[in-house]
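The structure is given below, and queries will be raised subsequently.
Each chain gets a letter, A, B and C, in the order it is written, and its residues are counted from 1.
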Amino acid sequence: MPQLLIRGIKPEDVCEISKPLVEELAEICECETDNFMLECLHTTSIFDGKVVETFPFIEVVWFERGQAVRDQFAEAVTKHVRALDIPEVEVAFRVFREDSYYINGVCCL
Amino acid sequence: MPQLLIRGIKPEDVCEISKPLVEELAEICECETDNFMLECLHTTSIFDGKVVETFPFIEVVWFERGQAVRDQFAEAVTKHVRALDIPEVEVAFRVFREDSYYINGVCCL
Amino acid sequence: MPQLLIRGIKPEDVCEISKPLVEELAEICECETDNFMLECLHTTSIFDGKVVETFPFIEVVWFERGQAVRDQFAEAVTKHVRALDIPEVEVAFRVFREDSYYINGVCCL
């Protein structure tokens, strides 16, 4: 269920790292690899009056797992993105609430 | 104002269910149908090294309405999506804060 | 770092206002103009069974700066958008947590 909402990195680049990245994240989270969603959002960025490349940014949306797991997760994501010769990337986490998440209509609470 | 940010379901499929869905949601929320925004986000999903279909996922962003309304809302969304022969869908809710929402520059607080 | 995630306003229109808007926001936030990300999300909106224009909506994602700064920020955004002959716009703020934000793998806490 952790979702990685990716901006500023091309889908073909994400394809390249997806397998080793997700394997490492699954180990960190102690869950199956098919729980992860890697999703590139289509966006157009603007700076100083013109269209520019989007800054590489990944929002991770998941249930709270605490600071230690979060640190490892961010480190793994950053490492794999940098392996693409992308020098800078920012990663932010946002939490779903269990009482506000429904799988096929059934609340996760 | 409830916004349904939809991923993994085609706009033409959303068109098909939008009318009965929004009518049911308006009843649940006791508000007008024109308060709702159904918006498909354009994304590209990746799994196991290749581009795949995006998993059907709807994020509802709104003001807090409590568990009972949330349960009914999620049930209605799920039911209408499944009517499209989409067997699985996940729905998550995120709340706006009234002190952080501005309509034409005026705070909703 | 404040991110403006923009829906329902065309990138070319955002280009037109981006310079004066970001200069004003940088003054309000007392930071550099290159901290800001203006990003148009590609979406398709649906109402009443058909595809419609997306309602102009801007989500600002940033670290908490308090009500006074938020009010000024929303007012500035609204003023510049309206200068494009867009009569209505809604602006909502969402906060990042410092313990959940990583720049090149390093937590902002």
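Note that in this section contacts are C-beta pairs under 8 Å (C-beta built on N, C-alpha and C of every residue); 3 or more make two chains touch, one makes a residue touch a chain.
From a predicted model like this one, the values you see are computed outputs, not experimental measurements.
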Copy pair chain B, chain C: interface residue numbering same or different (half cut): different
Angle of rotation relating chain A to chain B [CA atoms, steps of 5 degrees]: 120
Averaged-CA centre spacing for the pair chain C and chain B, given as whole angstrom: 21
Touching two or more other chains - residue numbers and ranges from chain C: 41-42
Sites on chain C touched by chain B in the complex: 7, 41-51, 54-55, 57, 67, 70-71, 74-75, 78-79, 88-94
Chain B to chain C touching residues, read off their complex: 1, 3, 11, 14-16, 18-19, 22, 33-34, 36-42, 96-97, 99-105, 107
